[in-house]
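Same chain, two partners: chain A is paired with chain B first, then with chain C.
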Partner chain A sequence: MPDRFLPSEFIVNVDHQRCRRCKRCILNCGFGVFDFQNMTTADSSKCVACHRCVVFCPEEAITITRNPLAYREHASWDVELRKAIWKQAQNSGMILTGMGNDKPWLNIFDHLLIDACQVTNPSIDPLREPMELRTYLGRKPDRLEVKLDSEGKIVLENPLENNIMINVPIIFSGMSYGSISLNAQRAIAIAAERLGTLMNTGEGGLHEELYPYADHIIVQCASGRFGVHSKYLNAGVAVEIKIGQGAKPGIGGHLPGEKIGREVSGTRMIPQGTDALSPAPHHDIYSIEDLRQLIYALKEATGYKPVSVKIATVHNVAAIASGIARAGADMIYLDGFRGGTGASPAVVRDHVGIPIEIAIAVVDEQLRNEGIRNMVSIIAAGGIRSSADVVKAIALGADAVAIGTAALIAMGCRLCQKCYTGNCSWGIATQRPELTSRLDPDWGAERLVNLVNSWSLEVKEVLGALGINAIESLRGNRDRLRSLGLDPATNEVLGVKPVGK
Partner chain B sequence: MSLEVSDNSMKWRFDFSRIPSACGLSGFINRDGNRVGGEVIIESMRVMNERGNGLGGGFAGYGIYPEYAEDYALHIMFESQEGKLACEALLKENVNVEKMEEIPTEPNERIVNPPILWRYFCKPRAEKLNETGKSEDDFIVDLVMQINTDVPGSFVFSSGKNMGVFKAVGFAEDVGDFYRLGEYKGYAWIGHTRFPTNTPGWWGGAHPFNILDWSVVHNGEISSYGTNKRYLEMFGYRCTLLTDTEVMAYLFDLLIRKHRLPIEIACSVMAAPFWKDIDRTNGDERKLYESLRSVYAGALVNGPFAVIVGFSRGLMGLNDRIKLRPLVAAEKNEYIYISSEEAAIREICPKPERIWAPRAGKPVIALLRDGA
Partner chain C sequence: MDKSSHALQREEEVKTVELDARRFHYRELNERIKSLINSGYEEIILNGVNGQRYIGDGLVHKVRIVINGVPGNDLGVFMDGPFIMVNDNAQDGVGNTMNSGMIVVRGHAGDVIGYGMRGGKIFIRDDVGYRTGIHMKSYRDQVPVIVVGGSAGDFLGEYMAGGIIVVLGVGVNSGKIVGHYTGTGMHGGVIYLADSIDQSRLGNEVRIFLVNDDDVRRLEALISEFSRLTGLDVSGIDPESFIKLLPASHRPYGNMYVY
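On to the complex of A and B.
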């Protein structure tokens, strides 16, 4: 039987009329597609359609097409299912994948429409009037004690404490050093500082070089405790306990030994070349009261910095979130089932968890019903693709959103979903020095700043159309959303009326 | 959101959608506490006939029931005698009624289909207060909420002490005549005429909105309605009327009565200063406004509004943070006037000593003088 039992997904074509044999494609491809034997040759079976060669070919000589090979149609036996079986029949094991869920599940964001002002109330022009996006993350008291002193001066007895101010309600999600390159993390850190927002270390510790960005960093404490020490915990403005991740709810992580070079090893505090295995649960958290202990241990260790708890959105997310709020968390990071990852078994990525839209709605509603919404900020992630999604997520009840995949795409990622191979041609999801060195942190940072600034402009434009000039007046304002094409039960869960109502 | 509303009786109360409306407002106070007849506020409102379309008008007078000053004066409208009986049974259980009577009216051809209108001067029963452990005010608020949501065909539209709200579907001046306001004397009056963009069939939807001694007349559409409503629900308020003004009234009640914030501070929550202005302050002041905006983010009222709020100690006028609706104030001797239009003030006070346009988000507060 031939080695190549599976046909190539893509066909790489080099136009030899145009090719000047400069060999840039050979250098640029992280997956070893190209070779040179008198002329440039391509092994299509290795191509992941990441476009690195296409972008860097000075002669535009390379085209990549989907392999048009016909498969006998079968409504039930989708081609992808057949390919999965062929792969597993060949090499026993789970099918790995990267990035977020790529299955065509209903995308609720795309069924929500935003309101605008006409006649009865004026819309506001964001170019002429202030339009405020500033957001405070953290626990807030349910009321303020304000008194007048004997001279009639106003005295605030319980000022807001331990909150983090962000200029835009968009932060960067946790992507560890190890899963992405140090240059990618550098770019994100620079961008977070310039934007006045936050980045998140993910579970890979914090490289010494990033300590100067401390005011814009959330440090993560995950089940593997990689790189967690007291200086690290105190390095950021908040600590996040990562319980789960949207792309792989309920399971641990595995960073293969070949990605654990000297720098990653030092940052993660594990021997070079060993696999970094994150357990599925935290082995000191088997229940909600254990979470409370860790939350307060981290608060004690950091002088009471805000603590965030990150969970994957699962069926019972509302009750879990309520428990987390009562356990003392200051922020709840909800990671929807479209959230990205460096590596996940496809079966989990594609079939476990629930959409972020539903999770925001039910968590916000549950916390309000219990009168404890003020105790936590809700950060929504896992499927935020555009400024429209930002607006909708906040209108459903989130305080802010986090973006991971969108940030990577801004830095060149083509969503080839091969992060787990460590061959990322764009220098993002790789530790190979010849690949990571091609991502210039300043270039990446500029693109991230451009992206977030663009989305901010768009959010402001929509707010103006809504006649709202502060983001908090959008938060939980489901009255300004209508659904189109969702079933009544989903509408009720979302707390959104159908169009026309 | 109307999703949870299925009870047929509720249809009497509102038509399941929020009604945007524009309006005219006027109010004045005699800061010495001297009482003047209700015909004065009717004359002020008559000038602003243009600002309404005959689909809602109303008034609130303060100091009008001195003989029952210690009783809660519940003004209730009933759809039917059955509704009235059900409501009165609930009242009997919970309050001692000092006096009950039909609200005097002078029917005219421009005010049609009036509901049954009665008033009850009452105090919470002592054993009920002990049983529930609530303050008198909280007890009355909860009772009003209960009647308005649970008793079919009954609606309490006024529940303060020594004050009363009078409202109907019609032009303000006709509503004032209908209720014979000239026969009452009060130290403060507010009035409202309404221009809703569809046809409400219900008297309860007219302004002022009232809870305890708080009455609100409002011109505006709240763009943050969903946020404000859901915020209030966390504190036990039930927004049953789906109107913006109800939200305004409850926010004032929450901030000033329940959270005991000074009026100026409550105003800077609802019409919050911009961050760019807060950033220019320092130290305690900056911390105060940063805390207010963060903690009370759900109480920021966004969108165009001008309100006049009446309460036992005085009147307050406030505009939204970028002044998208008109509001004028004036002063003469012990009187302070607040109105949508200067003309409405000059009609009842031709030569004020001072007349000005209050700045966006900056309240005009006119309190009774000490001892008044």
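On to the complex of A and C.
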């Protein structure tokens, strides 16, 4: 039986008349597709369609097409299912994949329409009038008590909890050093500082070079406690307890030893070359009471900085969120089932969890019903693809959103879903020095700033159309959304009326 | 290695203060401890401690804290330097995610001792509960150590990635020195037990070995230090009769995936 039992997914074609034999494609491909023997040759079986070669070929001599090989149609036996079986029959194991859920589940954002003002209440022109996107993350007081001081000025009687000001309701999601390169993290850190927003370390510790950006960094404390120590916890503006991740709810993580080189080892504080195993649960958290214990351990360690708790959105998310709020968290980070990852078993990525849209709506509703919505900020992530998604997420009840995949796409990612191989040709999801060095942090930062600024403009434009001049007035304002093509039960869960009502 | 031993050796010279902890909620107690440290005190004696959590949380100072009474959960969590002596039992989460320093408990301790611990030492004179030393790890010259004078509950050293756990089993019935699932998922470090155990108490990822001369020397030093600090009589303990648990593989989950 030939080794190559599975046909290539893509076919790489080099136009030899155009090819000037500069070998840039050989240098640029992280997957080793190209070789040179009198002329440029390509091994299509290695191609992941990341387009790095196409972008860098000066003669546009390379084309990549989907392998047109026909499979006998079968409505039940999708080709991907057949391929999975062939792979697992060849080598026993779970199928590993990267990035977010790629299955065609119903996307609720795409079935929500935003309202606009006409005639009876005027819209606002964001070019002419101030539009407030500034957002404060953290616990808000139950009520404000004020008094007059000796000079007759109004002063607050009850102290406010620490809140974090962000200029845009968009932060960068947790992507660890190890899963992505230091240059990718640098780009995100620079962008977060310029935008006046936040990045998140993920569970990989904080590299010394990023400490100068600490005013724009949330540091994460996850089950492996990698790189977690007193200085690290105190470096950022907030600490996040990572319970779960949208791409892999309920399971731990394994960063293979091959990716733990000298630098990653230093930041995670584990020996080089050993596997970094993150247990599925935190073994000091088996209950809401235990979660409260860790939240306050972190607050005591940091002089009461805000603490965020990140969970994957699962069936019972509303009750869990209520417990998190009551446990003393200042922020709840909801990561929907479309959230990205560096590596996850495909079965979990594609079939576990619930959509972020539903999670936002039910969590917001539950916390409002219990009268504790003010106790936490809700950050929504896992499937935020555009400014429209930002507006809809906030209208459903989020305080802010977090973007991960969108940020990586801005820096060149083509969603090839091979992050776990460590061969990323764009220098993002890799630790190979010859690959990481090609991602210029300033170039990456500029693209991230451009993206978030573009989305901010669009959000302001939509807010103007809605006749709203502050993002705060949109939060949980589900009356300004209508659904199209959703079933009545889903509408009810979302708290959104169908179009026409 | 013991970064806090200096505080012991020059006990006469240290600037000491006593504090009656009975009146304080943990938040106030820990604020007071911090302000005493900032005022230059090197030894703080807390009397009447009764369940206050997070004592020593995140402290990076080379101070000595003596606790008379039972401290609450997460004693020395995220700690990086201090020496803590507890003259009583301790509760859950002692030395959680600790980076360096030392905690000595002259009594029993609860569950989840030394979780994710990366350096320093934890000495518990009597028994510990479940989940001790989970995901301990070593890094460069930091080698975390947990020594238990009595027995340990289930899941000892689960996911252990580095460091040293020693269980002395003083006063413990034969074969009961540790609970079940010992060393499950272990992929680094070493566990020494003073008594042999049935294979059924071990996780699939560990193997039993005999101690060698280096192990014996290491054990002698640790046991002597442990006895000096906890006051436990270790005269009947023979390091040469110990067994050693090591991971079968440093990559127990390396072959779980296809691409």
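FYI, the second predicted complex is superposed on the first by the 496 of 501 C-alpha atoms of A that agree within 3 Å, B and C clash if a C-alpha of one lies under 4 Å from a C-alpha of the other, contacts with A are read in each partner's own complex, and residues count from 1 in each chain.
FYI, a contact is a pair of C-beta atoms (placed from the backbone, for glycine too) under 8 Å apart; a residue touches a chain by one contact, two chains touch by 3 or more.
As the structure is a prediction and not an experimental result, all values here were calculated from the model.
Engineer: For A:72 in the superposed arrangement: first (chain B), second (chain C), both or neither?
Structural biologist: neither
Engineer: Regarding the shared-chain residue A:229, is it in contact with chain B (first), chain C (second), both, or neither?
Structural biologist: Second partner only.
Engineer: Identify the partner contact of A:128: answer first if only chain B is touched, second if only chain C is, both if each is, neither if none is.
Structural biologist: Once the two structures are laid over each other on A, A:128 reaches no partner at all.
Engineer: May I ask you to decide whether A:302 touches chain B, chain C, both, or neither, giving the answer as first, second, both or neither?
Structural biologist: After superposing on A, A:302 lies in contact with chain C but is clear of chain B.
Engineer: Now for A:4: first (chain B), second (chain C), both, or neither, which partner does it touch?
Structural biologist: Neither partner.
Engineer: Give one of first, second, both or neither to describe whether A:160 is in contact with chain B, with chain C, with both, or with none.
Structural biologist: first
Engineer: In the superposed arrangement, does A:262 touch chain B (first), chain C (second), both or neither?
Structural biologist: In the superposed model, A:262 contacts neither chain B nor chain C.
Engineer: One more residue to check, A:271. First (chain B), second (chain C), both or neither?
Structural biologist: second
Engineer: Chain A residues touched by both chain B and chain C?
Structural biologist: Comparing the two interfaces on chain A, one with chain B and one with chain C, no residues are shared.
Engineer: Under the stated contact criterion, what part of chain A meets chain C in this complex?
Structural biologist: 87-88, 90-96, 221, 223-225, 228-231, 233-234, 254, 256-257, 269-271, 274-275, 277, 279, 283-284, 293-294, 296-297, 300-302, 345, 420-421
Engineer: Name, in rising order, each residue of chain A that touches chain B in their complex.
Structural biologist: Of all residues in chain A, those touching chain B are 117, 119-122, 124, 129-130, 132, 134, 136, 140-144, 146, 148, 154-156, 158-160, 163, 368, 371, 373-374, 395, 466-470, 472-480, 491-492, 495, 497, 501.
Engineer: Considering only the defined contacts, which chain C positions touch chain A in the complex?
Structural biologist: Residues of chain C touching chain A: 26-27, 30, 53-54, 57-60, 73-74, 77-80, 92-93, 96-97, 99, 112, 115-116, 118, 131, 134-135, 137-139, 142, 155, 158-159, 161-162, 185, 187-188, 250-251, 253-259.
Engineer: Which stretch or stretches of chain B touch chain A in the complex?
Structural biologist: Interface residues on the chain B side: 1-3, 17-18, 20-22, 197, 220-221, 223-227, 229-231, 233-235, 258-262, 264-265, 272, 274-276, 284, 287-288, 290-298, 300, 302-304, 321-322, 324.
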